[in-house]
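Look at the two complexes coming up: chain A is in both, with chain B in one and chain C in the other.
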Partner chain A sequence: MNPGDRVRVERADRTYEGVLLPSSTEAHLVVKLEGGYNVGVDRDDAAVDVLEEGVHEIESAQDAEESGSDSDSEVEFDDDLPTISLISTGGTIASTVDYRTGAVTAQFDAEDVLRAVPDLAGRANYRGRVVTNILSENMTPEVWQDLAQAVYEEIEAGADGVVVMHGTDTMQYSASALSFMLETPVPVVFTGSQRSADRPSSDNVMNAVSAVEAAKSDCAEVLVCMHASESDDDCALHRGTRVRKNHTSRRDAFETVGAEPLGTVEYDSLDVTFHREHRERGETDLAIDPALESDVELVKFTPGMDPAFLDVAEGSAGLILEGTGLGHVHTDLIPKIEELVADGTTVVMTSQCLEGRVCDRVYDTGRDLLEAGVIEGEDTLPGTAKVKLMWALANADAVEETMQTSIAGEIQRRSTPWT
Partner chain B sequence: MTEYDYEDLGLVAGLEIHQQLDTATKLFCNCPTELRDPDESTRRFTRYLHPTRSELGEIDDAALEESKVDREFEYLAYDTTCLVEEDDEPPHRLDDEALETVLEIAQLMAMSPVDQANVMRKLVVDGSNTSGFQRSTLIATDGEIETEEGPVGIEDLLLEEESAQRVEETDDGVRYSLDRLGIPLVEIGTSPDIRSPEQARDAAARIGMLLRSTGKVKRGLGTIRQDVNVSIAEGARVEIKGVQSLDDIDDIVRTEVGRQTELVEIRDELEARDAAVGDPQDVSEVFADTDSGVIGGALDGGGSVMAVPLAGFDGLVGREIAPDRRLGTEFSDHAKRHGAGGIFHTDELPAYGVTSEEVDALRDAVGATEDDAVAIVAAATDVASSSIEAVAERARTALEGVPEETRGANDDGTTRYLRPLPGAARMYPETDVPPVEPDPSEVAEPELLTAKVERYQAEYDLDAGLAEQVAYGKFMPLFEDLVADGTDPTLAATTLESTVTELRRDDVPVENLTATHFEQVLGMATAGDLPNEGIPDLLSALATDPSRSAEEAAEAAGLGSAAEDEVREAVLEVVERNEGQVEQEGMQAFSGLMGECMGALRGKADGDLVSELLREEIQKRA
Partner chain C sequence: MNPGDRVRVERADRTYEGVLLPSSTEAHLVVKLEGGYNVGVDRDDAAVDVLEEGVHEIESAQDAEESGSDSDSEVEFDDDLPTISLISTGGTIASTVDYRTGAVTAQFDAEDVLRAVPDLAGRANYRGRVVTNILSENMTPEVWQDLAQAVYEEIEAGADGVVVMHGTDTMQYSASALSFMLETPVPVVFTGSQRSADRPSSDNVMNAVSAVEAAKSDCAEVLVCMHASESDDDCALHRGTRVRKNHTSRRDAFETVGAEPLGTVEYDSLDVTFHREHRERGETDLAIDPALESDVELVKFTPGMDPAFLDVAEGSAGLILEGTGLGHVHTDLIPKIEELVADGTTVVMTSQCLEGRVCDRVYDTGRDLLEAGVIEGEDTLPGTAKVKLMWALANADAVEETMQTSIAGEIQRRSTPWT
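After this line comes the complex of A and B, so read on.
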């Protein structure tokens, strides 16, 4: 008996007939009944007859190749449309694109894209590329480098814009990484979905369509394009270094911290508008600096924290502290921090307030931290600061100065109230 | 209505009963199961839905047809709804109270619970579920209920989430209210064992009684809905949705049998005439100068008139297949699904401003003879095209007989086309909710309402009518709680049934009265702090200002047991005022004076005490 077989399961006084599913566990056989319901039957008490083998190709069911459709048919290239490169890294949104090709190394073509999200048809000529197929919590700095390289190659090959489909959990880190690694003349737009693509209400269609429109727009930055509200009305365009996932499940989980989003895509009209100053298309030449110093840690200080947590950073190239308030940690930790700095570790202070700027010149603790050699991270978000320090340690001559200068919009020079 | 020989026609019918449960929280979140007025909505948002494939890679016909219409859905949210209803938070675990109630129902219908219940997503893209699917779980199978005409099998028992309430159509789509979404709903599906309209009604009544025996089902309009599946031997399975009243079920079955019989006869006639459906074509030119408001309006708005020639259909499109519904009405239902206002056909023309010259020209334009019929749709060009295709499709089905489909019940006992029958392809697993293993051993079997009626008579000495009223009424669980707390059963029963009914007739807002109010009021009466005569006034006071406790309200209204002295004083006053009558009539005067005493005490005194004291005073004087 194998998943996909039509079976009759007898157990005590009842009989179930249906297709055996792979979701069966050691304790239960799971059978899909005629009406479509799945039911679990105690394996120990069940007598199973296989009525017909392999009535359903379970493994390839997700392929959903429609019978009669010609898989070789090609989507025609339209000279009047821009070319958008779609890069998949896995995660909720990419699962729709990947489900036919499946394999991690595979390329997918325009037709696969349109099969997954038919609403994308007619908006651009598409190139498809799979960098990896992982959940975004499994993302690593090495993948950021592969991703940056892939984006670089796609732009070099003539893409008028790039859309990166990415899981939402660590999207802000990848977007930051590409912001620092790439000089781009075209938009590089990250998008994903908060509600899985296997549900009719998924936000993937609107996010993908809006991301493609943003990738066609007059901009030359790394952006994140996700729902602006719980309605399917607008997508917000966030600068890659200022964006943060601020909710576990809502569609509008992504927010720009400390400012309005950079732009908006209105879903009805698909108009893309920018609300603040941004780099315009073609303003910069394509370049890549993908080197990273991977030996950088981020430690969040909390009351009662075991000082041994700082021992972990001993010998590290860099340490981001996520301090309290204006940028503080317990006074007792300061000697240890001083030792780290003396030992060659670059230590940068950020704030767990997230909103606002670090200022270690107001209270004694802060002054002692500065004395110990801690660098104020300005209003850089802690996660962004970690990525930036990794990049700065590998690429910048003056790390301290770099950490206090905006490289990719991560530092806002003026703190202007916006709420 | 014609009575058919149902056995001869091969009638097979089954029921699907949907009943809302009265649980404290919703099925997949901790929101209350409370209905709200759309005006109380605190937030609104809009969404679109896109159909998806099942885990077996199939796409559902019904969902596909629904999604052809691109619509924006607006949702109203309340302070009693949360992100789960908004599909902005994963569902919580299956509600325990709902599962327990469903297992009780399973037991009442002699069903076998499954070992492991798997929550499924049933694709529904009409917007009534924010997620685009309804979560539904098979809990038990293989049961049976009794009816007068023999047993009817119960195939399956499902625990589902109720859909969002449709508030109204908007310019862009439909507006829904989220208050109802997620209320636990049981669906009971019978086997196709039903063989007559009466048996269908009987089975539905029996299932309703069993459900109410749990004491945990919602009551009132819309909380129970019946779907009926009907087919005859030469017809097809038709699912009729949303029969609101039990009393309509037999009529619905009779009318559907009639409709299928007529459609079979039409098919035979069409076959004999060698009928065929032609290709739709644009006939706008025929109506260039028309006086018909509908057609002229469509053309003036830049639309088109599309026609489909129906060879051999003459006279049959206008043939009645159900009261006041013709084959043409079925065509029209399909056209409406695609946005047209309706259709015209040659069996009803000339009329509606269409002249006989135009009808002749129409026939000429599509090459139709006197034996043929022509159906037309006038609307915006794309709507007219897709609508006439739908009409042609339905006409082709008429050549084959009765189409399998889902229909909606109309108020007059007829039905209308809704959508194709949903298939198994619309089901895939809800991966956000882990499977549960129901434990039927922990479930107590509820007492049937029929048994309750008998027990209330035997144990509580209620008369048969009152016993039935209480057992079948919505206050049954409260009644049992009150009696368990020591309230006299007759007092509890008359208060909940008669007193409440009388107060409602007097326009007292009794819907404001909660279980706590009744418990407090009857508790005071039982403790001797309130004469029974004061109960209506106190309930009335509480209904008007539900925020007060019964004691506060009693004090404010001066209700409550008067001390014996006070009563004697009042009795004495009445007796003295009527001294002559007392001396003359003696005890004969009792009943008249009793009324006067009670009036003077205005609900403050216990009737027994008044009567005792009055008797004493009369005896002294007689």
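After this line comes the complex of A and C, so read on.
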């Protein structure tokens, strides 16, 4: 049994068929499934049949390292093209690119990229880097920090733009995290795929190509590039702090909440257009503030919630409340919230409406919350507010002021008058 | 100091000015503020100035009772018009109607209704009833039960339709609750107001009139009737289990998730049109199943969540998870979920995407969740799923099957193919 063999692995009640990857360890087999996903299987109690030997040629990690520099690559460096760094974190889209090397810590080179997505040829010089290889529901604040560091290093090494390949489940949280952690003079574009490469409806090629074009653009922000509609006409470019996955399965699941997307990549022409004000390439110097306070929770209030639920936040550094309407919870919860604040927990109110601004000055419940020491999160999305509070508690002197000031476009100017 | 006097009340750091209401008790003063809201102030330590005596004529509870029957009302019963029952629970819209009586348990009559909203004249014979008078963030499962009982009694007494006036914060939860608790042969239409009656942009009259017209229609479902756009053209009629307040302040905050609204009330003509299949007037007999299991919590998963967070559900009858994407949480949470299920907690997965169906058969994380005993909530909205699980645990023999079967339109037919 060798990497590259097609195998059938049986363990407990499950059977997996796919290609054995070199990232297998003494404890785990890693198998690339038909759909392009990797699965890790405990070697103990696993029964393995080799169905066909050497169906995929797989470089050893050593070979990859030896041939990994651009100078050895078959793909020539083109002085007239910008250099785009592709960073892989896992998920459906990365599975297209990391198919060949499989390893979770390997570098990959321009040749690997072009073999995986031939449509990328001629658009840029490519650098490749793998930060992790996980389904994005398993993303953690620690990986956000590794990812921010990797993006920082790539830009420092001269990348003219960065594309981050990421699972779609938590892409909005990671894009928010990098929006706060990094000041970037070049575009940092997250992209992913809602359908794997083996499906006729896969969106991975169009999203990857569009993301590369966006990474070459003049918008020096953290963006998310995904299908704008169910057709293959355009990709939308969303600001990382305002984007939300609003559908479980559609290719155009990602939307900017409360505004039009920042920009569009037309797939036919690959023209990149921006519709609203944004930070320009080179406007800021590269900087990184990756510290995070990990002890922050988010609680969504619903009617009938037991006030004891809020005990989860006892002793926590921060708590995001996802209230109703303008930012309310049942009055019975307020004494507990007051206690949390008194004990040093920073409590920020957001709204489960998602669109519109929190305003706790209109109704009594809101005024009582303000008196209890709750900070209004303006119109920051609840998930973004959680990430921001983690960042603010570790980096800001004045946390309340920071939560009410737009750092990375997470707070929008009021779009509709209140009366 | 008497009910009807304009007063200034100072307590702690707050000052309230308004009309003293007869619902004041020995312990609390109840003051109707300028905006139409009632505020309760502890009599202890409160300083009260009477600014002007008897600015509002207020009936005593006894007078109200004596003159409360329709036969004594100045408004004549019209045999050619249907009878609509207006039930008040509080919130911005109710404050228009309950201004005169103020009391929280009083009946109000057709005269009161027409004095508050003259535009309602000539559309129906009205019955009025107050279930409670609270801002809707303070709504509880117990009040849902009282409300269901009141609606049941009104229909049993011959109402051709029911309008429920409700605060907008938790209207979707209450509408869901009544959708599951009641089988109704007539329309039950929730309405509310995003702007109070004293604002030029108030939506209360148009919403109330449209709701009455919807209550006269042939759609025997629990509906929500609110502005369809920021203009005063149409109200939308949303199915109670699929509606969501998607903006903190806009008049058209309410939307049907994942579909067009069920119907429209054109304000000019007051024509009521339905765009999709619905239950017809008289199709079902009146029935009520108001039992609820109150020990159900909702947890929204976000990256970085401490697995210990799930301790809040220990010993609970039910838990709704609001996962990412197709219905995922971090793999580290799965052992805890498995324990909860083993200990008898019913765990149902929904998606924070809001639109689209949960499908835990696609990825390993999902399959692990299914193996742990998690029930897929289909495309039921998370908030609706919580209410439904409270109802299912108290009323259904087969809870899993019930959660995966549409009882009141909460599960939609698949609208987009998965591949």
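Just so it is clear, the second predicted complex is superposed on the first by the 342 of 419 C-alpha atoms of A that agree within 3 Å, B and C clash if a C-alpha of one lies under 4 Å from a C-alpha of the other, contacts with A are read in each partner's own complex, and residues count from 1 in each chain.
Just so it is clear, a contact is a pair of C-beta atoms (placed from the backbone, for glycine too) under 8 Å apart; a residue touches a chain by one contact, two chains touch by 3 or more.
Just so it is clear, the structure is predicted and the values come from calculations on it, not from any experiment.
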Which superposed partner A:T273 touches (first chain B, second chain C, both, neither): neither
Touching partner for A:T170 - first (chain B), second (chain C), both, neither: second
Comparing the two partners chain B and chain C, which touches a greater set of residues in chain A: C
First (chain B), second (chain C), both or neither touched by A:V205: first
Chain B versus chain C as contact partner of A:N2, first or second or both or neither: neither
Partner chain in contact with A:R250 - chain B first, chain C second, else both or neither: both
Partner chain(s) touched by A:T324 [first = chain B, second = chain C, both, neither]: second
Chain B versus chain C as contact partner of A:R195, first or second or both or neither: both
Residues of chain A that lie at the interface with chain B and also at the interface with chain C: 14, 37, 39, 195, 199-201, 230, 248-250
Chain A-touching residues of chain B, taken from the complex the two chains share: 45-57, 63, 67, 72, 83, 86-90, 112, 114-118, 120-123, 125, 130-133, 136-138, 141-142, 156, 158, 423-429, 435, 437
Chain A residues touching chain B - in the complex, by the definition given at the top: 11-14, 16, 19, 23, 27-28, 30, 32-42, 45, 56, 58, 60-64, 119, 194-195, 197-202, 205-206, 229-233, 248-251
Parts of chain C lying in touch with chain A, wherever the complex brings them together: 14, 37, 39, 135-141, 168-170, 173-174, 195, 199-201, 230, 245-250, 253, 294-300, 302-306, 308-309, 311-312, 322-332, 351, 353-359, 363-365, 367, 379, 383, 386, 390, 416, 418-419
